[in-house]
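Okay, got some structures for you below.
What follows is subunit A paired twice: with subunit B in the first complex and subunit C in the second.
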Partner chain A sequence: MKKRLYIELENCIGCRSCLAACTQCGGHEERNRNYVYDVNPLVDRQTMPLMCLHCENPACARSCPAQAIQIHETGAVLSALVEKCIGCQNCTIACPYGIPKFDTEQNLMYKCDLCIDRTKDGIPPMCASVCPSNTLQWLTEEEIEQKEQQHKLDNDKWVASMPLEGRTEVKVNLPGILQGTEKLF
Partner chain B sequence: MQKDKFFREIENVRHPNEKLVKTHCSYCGMQCGMNLRVNTSTNKIIGVEPRYDWPVTVGKMCPKGVTAYQQTNHEDRILRPLIRDDASLKGTKEGFREASWEEAYDLIARRFKELQTDYGKDSLSVFSGVSMTNEKCYLTGKFARVALGTRYIDYNGRFCMSSAAGGFLRTFGVDRGSTLPWTDVHETDCLFIAGSNTAECHPTSMFRVWAVQERGGYIIVVDPRETPIARRADLHLDLKPGTDLALANGILNLLIENGYTDESFISSHTNGFEETKALVSQFTLAYTSEITGVSQEKIKRAAEIYGKAPNAIVMFARGIEQQHKGVDNVSAYTNMALVTGKIGRPKSGVATFTGQGNGQGGREHGQKSDLLPGYRKITNPEHVQEVCDVWGITPEEMPNPGVSAYEMFELMKEKTIRGLYLLCSNPAVSAPNLNFVREALENLDFMVCADFYLSESAEYADVILPSVTWSEDEGTVTNLEGRIIKINKAQEPIGESKPDWKMQVELAEKLGKGKYFSHLKTAKDVAEEFRLASKGGYADYYGATWDKIDKQDGVFWPCKDEADKGTPHMFLDKKFYHPDGKAKICALPYRPPAEEPCKDYPLRLTTGRVVYHYLSGNQTRRIKFLRDMCPDPYVEVHPRTAEKYQIEHEELIKLFTRRGKADFKVKITEAIREDTVFVPYHFGHEKSINLLTIQALDPISKMPEFKACAARIEKIEREKVR
Partner chain C sequence: MAHSYVQESIKNRRSVNRAFASKFAKSMFIAVSLLVILSFIGTRMFTHVDLNLYGYVVGTFVFIGGFFYRFIAWGERPPTKIFMKKGIRLLFRKSTPKTTANHLGTYQFIWDRGIYRWTQHLLIGWGVILSCLVTFPLVFGWMYFTMEENGYYTVVAFGMDVMRVEADGWLAFFFYNALNFTAIAVILGVCMALYRRLKHMQARAEQKFIYDFMPLYLLLFISITGLALTFMNVFLHGQGHYVMSLIHQYSVIVTLIYLPFGKLAHIPFRPLSVFARNYREHYSEQSMKKCKNCSTEFVSTEQSRDVRDVLHENAIHFDMEEGFNLAELCLPCRRKYRMSRFSGKPTHKVIHKEANQDAKG
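Moving on to the complex of A and B:
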């Protein structure tokens, strides 16, 4: 059963456990590959993770002159192949979300591979495994469908991804998930 | 057992040449399940893998938990005993030399004996902690009373859970931190959370907390700061620090006035209602709002939501407990559950978020100055006899009750206490009024510190004994639910480090008390004796065998015998633990904080944790990821207050109280009251906010008032640029 990373931004508490856990994935060489931002630090404590959305037609891979960025059969957009990456950093500029990171010492791009070691066998990625607030979840299509029904926004748009890059493997739910919730009493 | 909607059957990743050792985190009371990854050729811990099948946390971990494994083989570990011959270097890291265990034990035994010969048995003291197993906590109490024969033993729970303990004992006659299992939390209809920065201090509760709102339930948060949980709460009661008692009384008054009471529950199962009703009637909306600074509308709405909720859980933490009326605050918020009858059934009850890993178990089994194993009282001759029977001593040999943690420092200062055996704690950072406490430590004739890192407190020691991390020993811990769980050993102790229980057995032998200790050769041996010692006490662990803990995913105490499965929900039979079986609704007059703002100190200072650090930071400040995220303390200031003092974001300022001063960088945020400033307490030396905090103690729990004192900001004038 196909599962996807699903992001519910409203839940984020800014603990950055996802970043700590990212370093624990076998293939990640103890470097984290995603981001958590303080949205408006002088005002409140809102935070949000910025994860690779694993675009179906990823700008990072399209921009790579060396075909170093492969797309796995599960749809995960992988980190640059060490033997192919020429260190041009096109991908870091092309990605509309600024996801790929660059190691200047190794002259190598690295990015989220959705913990391919884990997700290829249906095991949740480290970030979604540990996320204490359920901001990051690993859900089936049916479960995501249910979420979609549950969290209808006022403007009737349940946004999965920005039109910029078309369809993405990862699904995102913007803040406002409680707007459609009916109170119990 | 208790597989709820969050539970998923997930296989763990197993890398070649690795094994997984299932255990729990070393840090807070959540005790998140985790698997430690161990390399099978080196037999060293190399990482962590989620423990998806742990029913409480289903694989989730906060950043402290994810990186906890990095403590074990950390380069800062103390590998051999250290002795410092030059006492003039006390208070620094300097002058320690490596020594053999033999030499260290001999020196300790000689100096302890000398002190006791010259100044009496009670010239020695033990200061302990509860970030260690029940077995270690139990043996530490026995070590103090039987091997050292001193009355002076107390522990860092006095800075953590003692107010919750005092409040629950008075109200229920029993002190179990939660009346229900955490798997109930997401199923309730209203969470009333006071003084808990849950998202930062107990992050893995948050998926259950948010789920309450997703179902249409309510979250009410009481906090001077708009914490991450307060930001999304349905209602945030942004009170002045130290005014909880007025708020709780005011809400109770509204619950009674508006008919949310459960008359039959009150009359059948409680005492003290009429008296309390009369007292809280003074707490009108206007009066409550005036004291607390919370708007009348919010107070009214909070009472309405809690009152209407079919099920509700009142939860609290150090915010309300670390006050000089912490015990009263606990009883006052618990009153809400009693008058509405929202207790003693699933999905409704009262819970405190236990701070330390074994904050619950560690306070039950005899590390407290007046307690013996099984929550027995050292002042009760029957209780003393029961414990003496297990220990093989006579009641005459049992020392008298001692004094509380902070009071021990007062006795060190005046030289009543001259020797200290410190373990599992770092009071040179975590105690209040640190200028005084650090002087008291320096004033000791002889001090031993057992720790796995050279903490700020170890800097005052004459001898440092290298203990092990949690992953190099086994035993049980009681989590914030009251669930006894098992910590498993993942690797052998590094260097010559030893578990605390082993040091105490060997030291006892050196002190000529081997016959009471020498039979304890393994952690399991200690566990067996400990179960027996708790038997018949109300915190009865006798039936909680390691086998049962493993099979049942933990055992909730009380658990009296082999057949007893334990007690996940307390008071289901509506029987409380006072002799008449009733709970006590408490009439509690309001008292302001010990120190109110004034002309010279116009601000309210409050302290707390950040998500990246644990307690005094002795462990977490050494972990790179956590240190990078929060390397230094800071002072949170509201922008309008900052404007008043002409200070800017990231500017270094001086913060003063009557007890001390320190420099902090300013962090401007609208998420705090204008009259309040906040500083996290995890930092040592000149960066400790506890240099400024007040030693005002709760009369019952002896908890210092960390959460409220009066402070002043001073701008540091820079030299004018020429």
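Moving on to the complex of A and C:
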């Protein structure tokens, strides 16, 4: 059954387990590929994770002159193919979320591949496996549907993933404050 | 209205196809003519053609067809087109020889990815390049050997007597065995690559038979049948030579047909990395783009504009309500801006360095 990464942003406690776990994924060569940000630095301690949202029409792959960024059959937008990436960094300029990282010495872009060695076999990605606060979850379509129902507003719109720049494989749920709903725990 | 739009788009597609066909035909004509003319000169007006190798000639022509088909289609992609066009204009930069040697000769960047991978790539890469440098001049008669005086070979290159070597001297030994040495290098490199493909977790997750294993098996096929030819000649008094030489020819031709479409396609495409480096260096010297939010210079103005054009061509627009385009923000600001979109708090407006992003596992 197809599962997706689902992010409940407001749950994040800033422990950075997702960053640490990312470094341990096979082939990530001990470097993390995601981000954790202070939302309102110097004011409060709220943090939120930011990872590749795996666009259905990825700007990074569209702007790549070498066709180095491939899209896996599961929908994951893969990291640059090592033999094809020519190090032009077009993808970093194109990405609307600023996700791809670039290694100048290796002349190679690397980005979140949704731990493809795991997710292609239905195992959750490293970040979702370790997240202690259920910010990052690995859910089926039905489970995401249920969450959607839970957050449904009167105006017939689910606010989650609305403010993104396009359709994405990863589903993002916005903080309850913005949606006018309150969490039930 | 809709009708005319459809007509327009069909017309457009037809003209694109026609442009592709004419480009393809032109490239094929030039390449084949060039090969024939060079052969004509090299073989002293076709008097020294090695007919034993004609299969490779046919194979090369088929390869050129596939190569131009793939290469022209690839070059039509908007981002590729930009790099090709601007890269050629910037080819005569001072740094070009150094960058070329670095990227295409010594593979410095692969060394930085790992010494094991560098070793395997050096063995395979230079093994294949040297083999091609020996094989194709022989196939097209650009180089051949004559023996006018007993005990001495004359090396003829492009119809000119270049040097004379003792037939049983050490230099001649290297000439005869060049392909044996390169075959051994390729076999070693391929074995290293195969071993890595069995052990490396990321490689195991992503590899596909056709894309990752087939080129390795093909190279192995060529190298082993090539070495078998030598073995048969030296130890079996030439027994089975003709059958094996056909098998070897077959292996080379199949690889040539496969080359433009699989993993090996990176061989002809890779020089674009020199173009890309020149492009980045040149336009960074011209003018840098400042981040709309924090005023950090993060990319050349030219590249920023080019990427936006490419995305426009793909109907991707990142114009924000606030009146800027996402491409105008530097990467940290772009991420912080996303935070602000998620939370409603103006994260990107707070001048504060990025939070710790380096948790180690």
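As a working rule, the second predicted complex is superposed on the first by the 164 of 185 C-alpha atoms of A that agree within 3 Å, B and C clash if a C-alpha of one lies under 4 Å from a C-alpha of the other, contacts with A are read in each partner's own complex, and residues count from 1 in each chain.
Note that in this section a residue touches a chain if its C-beta (ideal position, glycine included) is under 8 Å from a C-beta of that chain, and two chains touch if they have at least 3 such contacts.
Just so we're clear, the structure is a prediction, and the values are computed from it rather than from any experiment.
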Partner touching more residues of subunit A, whether subunit B or subunit C: C
Which of subunit B and subunit C A:Arg16 touches, first, second, both or neither: both
Touched partner set for A:Arg45, first subunit B, second subunit C, both or neither: first
Contacts of A:Ile144 with subunit B and subunit C, given as first, second, both or neither: neither
Contacts of A:Ile71 with subunit B and subunit C, given as first, second, both or neither: neither
Which superposed partner A:Ile123 touches (first subunit B, second subunit C, both, neither): first
First, second, both or neither for A:Gly27, with subunit B first and subunit C second: second
Touching partner for A:Cys131 - first (subunit B), second (subunit C), both, neither: first
Interface residues of subunit A shared between complexes with subunit B and subunit C: 14, 16-17, 19-21, 23-24, 26, 41-42, 46-47, 117-118, 177-178
Partner subunit C, residues of subunit A touching it in the complex: 9, 14, 16-17, 19-24, 26-28, 30, 32, 35-42, 46-48, 50, 57, 59, 62-67, 78, 82-84, 86-90, 92-99, 103, 105-108, 116-118, 120, 163, 165-166, 172, 174-175, 177-178
Complex contacts: residues of subunit A adjacent to subunit B: 10-11, 13-17, 19-21, 23-24, 26, 41-47, 117-118, 121, 123-124, 126, 129-134, 150, 177-178, 181-185
Subunit A partner contacts - residues on subunit B that touch it in the complex: 10-13, 15, 47-50, 52, 59-63, 65-67, 189, 199-200, 203-207, 210-211, 213-218, 226-229, 231-232, 308-310, 611-612, 625, 629, 639, 649, 668-671
Subunit C to subunit A touching residues, read off their complex: 74, 77, 79-80, 82-83, 103, 109, 112-113, 200-206, 263, 266, 269-270, 272-273, 275-277, 279-280, 299, 303-304, 306-307, 310-311, 314, 316, 318, 326-327, 329, 331-336, 338-339, 341-345, 347, 350, 352, 354-361
